[in-house]
Structure formats: C-alpha cells, structure tokens
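Chains here go by letter, A, B, C and D, matching the order in which they are written, and residues are numbered from 1 within each.
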Amino acid sequence: MTLDVTVWNENVHERESESVAERYPDGIHGAIAEGIETQLSDVSVRTATLEEPDHGLDEATLEGTDVLVWWSHCANDEVSDAVADRVVDRVHEGMGFVPVHSGKNSKPFKRLMGTTCNIKYRHGGDTERVWVSDPGHPIADGLPESFEIPETEMYGEPYDVPEPDRTVFVSWFEGGEVFRSGICYRRGRGRIFAFRPGHEEYPILFQEEVRQVLANAVRWAAPTEGAEAVYGEVDPSHRRDD
Amino acid sequence: MTLDVTVWNENVHERESESVAERYPDGIHGAIAEGIETQLSDVSVRTATLEEPDHGLDEATLEGTDVLVWWSHCANDEVSDAVADRVVDRVHEGMGFVPVHSGKNSKPFKRLMGTTCNIKYRHGGDTERVWVSDPGHPIADGLPESFEIPETEMYGEPYDVPEPDRTVFVSWFEGGEVFRSGICYRRGRGRIFAFRPGHEEYPILFQEEVRQVLANAVRWAAPTEGAEAVYGEVDPSHRRDD
Amino acid sequence: MTLDVTVWNENVHERESESVAERYPDGIHGAIAEGIETQLSDVSVRTATLEEPDHGLDEATLEGTDVLVWWSHCANDEVSDAVADRVVDRVHEGMGFVPVHSGKNSKPFKRLMGTTCNIKYRHGGDTERVWVSDPGHPIADGLPESFEIPETEMYGEPYDVPEPDRTVFVSWFEGGEVFRSGICYRRGRGRIFAFRPGHEEYPILFQEEVRQVLANAVRWAAPTEGAEAVYGEVDPSHRRDD
Amino acid sequence: MTLDVTVWNENVHERESESVAERYPDGIHGAIAEGIETQLSDVSVRTATLEEPDHGLDEATLEGTDVLVWWSHCANDEVSDAVADRVVDRVHEGMGFVPVHSGKNSKPFKRLMGTTCNIKYRHGGDTERVWVSDPGHPIADGLPESFEIPETEMYGEPYDVPEPDRTVFVSWFEGGEVFRSGICYRRGRGRIFAFRPGHEEYPILFQEEVRQVLANAVRWAAPTEGAEAVYGEVDPSHRRDD
C-alpha cells in the first residue's frame, strides 16, 4: 500500500537568500522529499509551498495526504487561518503531521499543542549531538545511539509544549544547552512528531541520519484503521429489558 | 494566602428557562461560588458572566485570578476570540482552569486541548455513578469510592481529548455508557481539570460530593511558584575557557 | 515476516472444573491460539502451560517469541520467580506481552507495573459493554464503537496500575461499575497491553470482537528494530579538540 | 502539620574512603538531612543506614515516614528483599520516595519502575548543567533556569525507565551527553521523584540549588488524603429496583 506524503515548505529563504538557494537548489521541500523517497520504497511524495493557491493545501490534496511533513520559519504568520484549520482538522481525522525545525512555530502545530511552543535559540553554528532517549521507539529504527550535526542553530529548554507522549531524542549543544529534539503526540486519530534539526543555513536535510529519522517518522505517523466513533445525541446502549 | 477564584458562567439558561432560574436562583455561577466558599476557608470568590463588558474577564480580572472555574453550554460561540485567547494566555502563565460540564466545549478549553472535545450525549435523566479511578489524587481528597448523581444528562465515550495526564474519575451511566469524568492536564504553567457533572436541568451543583470535587480542584489548580524561564536569543551557557 | 506468538495458560481450571473443560475443550490457550491464527495470516502460534518444565517458557522459547499472550488466574503464585523474571527480561528486550483477564495478577505483569494491580470484582454474570475510548488506536482497528459481553465476571475501579500510556477500552457493567479494560504500556523495548475480558466461566475467548482485539494487540505489541543503546562506562562523546 | 522525613543512606563509602569521609563528615545522609532541615521549617528529619537492624527501616519507622529520601550506590544488593518490599508497599500506601543519584539502582526504585534503570556513566569530573525543562513544576520552585555542578560523575541517555509523568530537569555534560535528571512518577498513592545529582566524590549535596530541589521534592512527594478505595469482592453498586 502506497503512502501518500506531502512535504510542505514556506520556500521563502530559498528565494531571498542566495546561500540558502545554493545549499538547497530544489528547495528545502525538495531535499526533504528526496530523502523520504530514497529511504522508503512504498511512498508517493508531492510537495507544496506557501505561494501556491491555498498554499498548495486545498481540501483534495489534504484528503489525499497520509502524512504531511512541514517546514516553515519566517513566514509562519503568512499561512492563512483557514488552511491552518484545515490541516488541524485532517490531523484529527488521522493524517500524520511532522513539523520540522521551526515548523514548531507553525499555526497548525501550535493549535494542536495548545501552548506557546516557545524556546531559546542561538545562531552561530553550535555542534549538536542528537541522543536517542527511547531506543525502543520505531522513529529511532536503525539509528546509532547518537549522531552529530556539525553546525546548526541551537534550540534550548525550556520547550513550552505539553508533556510529550514519548521523548525519542534529546539534543546536546556545544554551547551548554539541551533540547527535547524528537517528541510524539496524538490529537484525535492523528499522530504528530516534532523534529528539531533542519536549519536552512546548513545542509542538515541532506544528512543521512536526519533523513532516516524523517523516513521513520513518516512510516510511524501513517494513519491506521481504528474503530468506529459515534458522536452526538444517542439512545441508550443498554435497556432493562434487554 | 488567599486564593482568588473567578467563577464564570454564560448565564443564559437561567434567563431563558423558568425552571433553570428556579433551580439556580443565584445562577449556576452563584451555586458554584457558594459551594467553593463553603468548602474552602482561604478563598476569595468573584463571579463573571457573558453579558458583562469583556464577558467580565478583562485583563485586570484575569491577572488577579488564581483559578478560573468555567460553566458554559449554549453560548460557547458567543465568547469573543479575544477573551478566549486572554484566558488561554493566562493559563499558560499559571492560572488554573476548571471547565465544568459543557465548558468542555468552550473556546478556551478546545484551544488548550487542540482537539474537537467531541462526545456523545443524551438528555432524559440517566442515573450517573462517578467512580474515583485515581484514589491517590488530591482532587479526590475526602471522597467515597464513588457517588451517585440521581438524574443527569449523559456524556459518553469516545471523548476526543488528548490522553489525560491523570484520569481521576470515570462515570457509569444507567443507559449503558461510560465517560472519563475528571481529567487533568497542564499547558504552560497552568493546571487544567475538566469535570463532567453539572447539567443545568438538575440541582447537581448543590450536591455535596460535586462541591467537594470543585473545591479540591480549585486548590489543586492554584498556581505555584515555579522556576525562571528564559526564551528567545541567548549567549552560550558554557564556554571552553570557563 | 512471520510473527512468533506464544500463548501461555496456567491450564488449571480446565483440569479441575468439568464445565470449564467442556467450554474450552482445547484449553483457554487453545481458544486464544485459534483466535489469533484465524485473524492473522503471517503468524506462527505455539502454546505453553504451567505444568510443562520451565512452565514451557525456557530461554530458547522466549528468545523465539515475538509476543507472549498470558492467561492465568488461580495459580499465579505457582509460577516460579525465575520464569517470571525471564519473561520480564524478554519484555525489556522487546518481546510484546499481552496479559488477559486475571493475567493482570501474574508475577510478570505486577513486576513490570510496580503496583499491586488490585481491583474489585464480582462473579455472577454481569453484562459488560466494552467501549472504545481511543478509536484512533491500532488495537481498536476494525471494531464497532462498543461491543457487549453477555455474561462475565465484573472487574471494577479503582485499578491500581500506573497511569496508562493509552487507555483503549473502558468497560461498563450492569451492576454499576466501570473499568479501564484495555491499557497500554512500554517497559524497556517491550510493548504491553493488558486486556480485561476473558473469564473462564463463559465462552468469551470465542467471541469475535475479543479475538479481533487480541489479534490487533499481537500485531501492535510485536517488536520493532529500534536504535542501538550503549550502557555502562563510556568515554566522552565530545572533545574540545574535535 | 509536620512532615516526617527519613533520609536513608547505605553509608559505605564514608566508612571505606577517607576522602568521602572528609567531604561528608556526617555522612551523605547527614548532609541531605541538614539541607532539608535548613530549607523547610515544618519538617522532622531522621536518618537511617544499611548497617542498622532492618537497615533502620522497620515497620514502625516506615509507618511514621511521609517521605523517604534514599541514597545508595555500591551496596544496593545488600539491601534485603524484605526491606525493599516494605518500602515499595509503603510507597503504594502513599509514602513519597526520592531516590538520589545511584539510588536509581536501588531495589525499591527498580521494583517500582519495572525496568532495568540502566544508564551510561563516566567518572572524571565532567561539568554538569542542570536545566529546568518544566518551569511550572513545584519541584523547580525558586530555581534559576539552570544551575551548574562544577564537577561530577556523568550519567548519560538512554535511561531505561518508563516514560516519566513529568520531566522536570534535563542535564547537559561537558563530555557530550544528556540525561533526564529529575523525573516524576506515581505508583499507587505514592509520589516518586528520581534526582540524578549527588555523587559521593564531590560536595554536591552541600550545593544550594541541589538542596533546594531536594526540599521541593520532599514537599511535593508528601502524602495527600485521597479518596476511599475498595478492593476485592463486592455487591452490585446499582440495582434495577434502586
């Protein structure tokens, strides 16, 4: 069964910064999509960006999406409320959602979390070591106990999110900070995995381990069948004369 | 130290239905406030309703509120987005929030949960038995192992909320349904307890055990000091030459 | 890839009670095994019982087991500490563990939980309605929103277990009680699902929905690859001159 | 209301190592007890050690203990099974339990967790920075956003414990590792807080922030009243002719 993945990217840094454009010639979405396609055989990946009508996330596209991977940063506020709500609704129905890096500031993620999602941060190329804190989790499949990202933007605790269902990764930064870099949630029928690495100033989304994590996350976040659910006004389920 | 409690009520049924007005002559907010004042000695309780300017929840009032108890039902959509966001922001800062009965459909609760909060329901006066599923929880302090509500509106599973941090009560209904009737969360620094009982068609908010639960919840949800938190851009915490 | 399932049963009631023997002519283990084989195509099921050497759970058998389904009741104390620890160790390594009914009182389950696992109970044939409280969970795949067990032994809250990772089912009983009937945990790399239904005095383990749940649980609890994990004394991961 | 705290220490390093004896002239238990007494006014602290009869933890002592703080390391195996089980039973009844440093390897903690509690470690005096990851938690009351322990033994992830109810602290180590240094659980009615810092080779248990955390933990882990709980065989709670 083919998994339908949509990789969404605001695609702004690529158009405004020459260095980002050189680093990610097919856009950050292109790099993420390529990584998923390389890692998974039974997957169909499309991309969508902010500038498209409906940001490329019209109802039919979302309806046909099993897992939405989301990269955003400077243009989070330009995403329309209607599209953000549409994404949230689809997550409730079962679509997986994988915000990457500052996608944690996106409207859909913040609406799904109900918190500010605030962090501390620092530019300047800290080395990051991403530790697997939950080696039994499927999103860690096939990984070493830790991997290094040579240079990145730092994110530091506290991370103002609800206590995660599972904390799969915790990062160490050269400058002295730590961060829960891979955290899992469910909202309605939808699985959510927020992954920290992926800054636009470094070629992180080409790194092998990062691609492995994202591929694992796509598989983990895929919708499952589940049970029937009935909401609204109902008659009694049990009667005295049953 | 006095705890500042605000009891908010949409106060619509009381004005539109004679029978509700007779049952709750001081409004549902009045009955809840009286119950809390009776149970707790070190508390200052005020009330606020939908019809007041800012729904009675201007910034100064919320700033001075330790715990907000919230009853709403038919007028959830009439609460302004601005006030709903203000409540959410104050919860993030540490204010306790206790939605009662269909307060689970209020804008603040749904924004804090990130889910639909859907349920099934039935009018008609089912008997409900509220079981303590977590007898070690402070919100269950002083309660028997279960208590009966002779007649009520039924709420049934599935309850579309995030997996609770703690499930304190689970209800049994005569007609064959069950419901997680008392569930705990934290969002930011704020504690949230959603309590199911409290339908306007029955004198439930005068019942002793219900008042005990609400008083316990107010104490439990009160803000605590916590630690400093720094967000935004920062210098390294550790330097090689430290 | 074939899933290796071992169904363990104390197999005492079947030998001591004529009515149980008639109801479960191949033993409760036989009924469970048949149900799993009927529901899943890619599975190899063996059975083991208390009376066998090592209770049929020698190291090689456990090593070759992906998921252990466990039924026990009156002979929980006769399981040797060594075998109980061996089961616990294998769960830590990744083996799934599915205690059924009073298997919740088994040594392995209690050691994995760290609590008493106490409940209240009643014989006498209550009707039970099992509600899906988490319709998005894979253990609920394909189920209606609830199903009825016409007659059973009642289990009632409080259920003295750690707050579950996920609560998939909550049961309603005719006599007025409720119970968290399907709860999920992880310990080490191993997935645990404790399922309430399955009393020996009724043909519950032949019931279609029960078999569906157990098959779903076996698939859900199957080991996954995971990441490398290094324990013990280590050299620094990061050096100043890196 | 006075809180009765017992500080337990194996008290072996102090007797076998001159440098530890000099660093902790009143024993590690003495240093912990002094810290708690200094921080909390309404507390009565006693100490107990391995060498005493019943390890100083006879039934009357445990019965009279609200919170048990536990330090152990090299002699974890010398604690008798009977005393370990007695501690576990008291936690189930409501006694708070605060294992410090390698107290995470103690029999009571491992029995309460149901996992191996394995970690990686390194001697040699890494600098540790303890970050508050949950600034709204009462165990973090009054703390800065992080504090430094100049020299310590390192503990590194993965930490083989059940996913914590709350993760209050996450540590950064100079050598490149991270660790969930303060984690909360409940088992039965008892609250558990496992705190990482506290190695015998450094004067960590005299450090102000460490003492603040332990005092906060003692207050947080104190028993609360809770509700009645009935276990065992029961009559129906609801009757048709009620």
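The rule is simple: a residue touches a chain if its C-beta (ideal position, glycine included) is under 8 Å from a C-beta of that chain, and two chains touch if they have at least 3 such contacts.
By chain, UniProt protein names: A, B, C, D = ThuA domain-containing protein.
The shown structure was predicted, so the numbers you read here are calculated from the model rather than taken from an experiment.
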### Message
Treat touching chains as neighbours: how many steps, at the fewest, connect chain B to chain C?
### Response
1
### Task
Taking all residue numbers used at the chain A/chain D interface, answer same if over half belong to both copies and different if under half do.
same
### Summary
Expressed in whole Å, how far the mean CA point of chain A lies from that of chain B is 32
### Message
For chain A versus chain D, what separation do you get between their C-alpha means, in angstrom?
### Response
36
### Shared interface positions of chain C, touching two or more other chains
129, 132, 135, 145, 156, 158, 163, 165, 172, 174, 176-177, 186, 188, 229-230, 237-238
### Query
Along chain D, where are the residues that touch chain C in the complex?
88, 92, 111-116, 118-123, 126, 156, 158, 160, 162-163, 165, 174-177, 185-188, 229-239
### Query
chain C touches which residues of chain B in the complex?
129, 131-135, 145, 156-159, 163, 165-167, 170-173, 176-178, 180, 240
### Query
Which positions of chain D touch chain B when the two form their complex?
94, 127, 129, 132, 135-138, 140-146, 165, 172, 174, 186, 188-190, 224-230, 237-238, 242
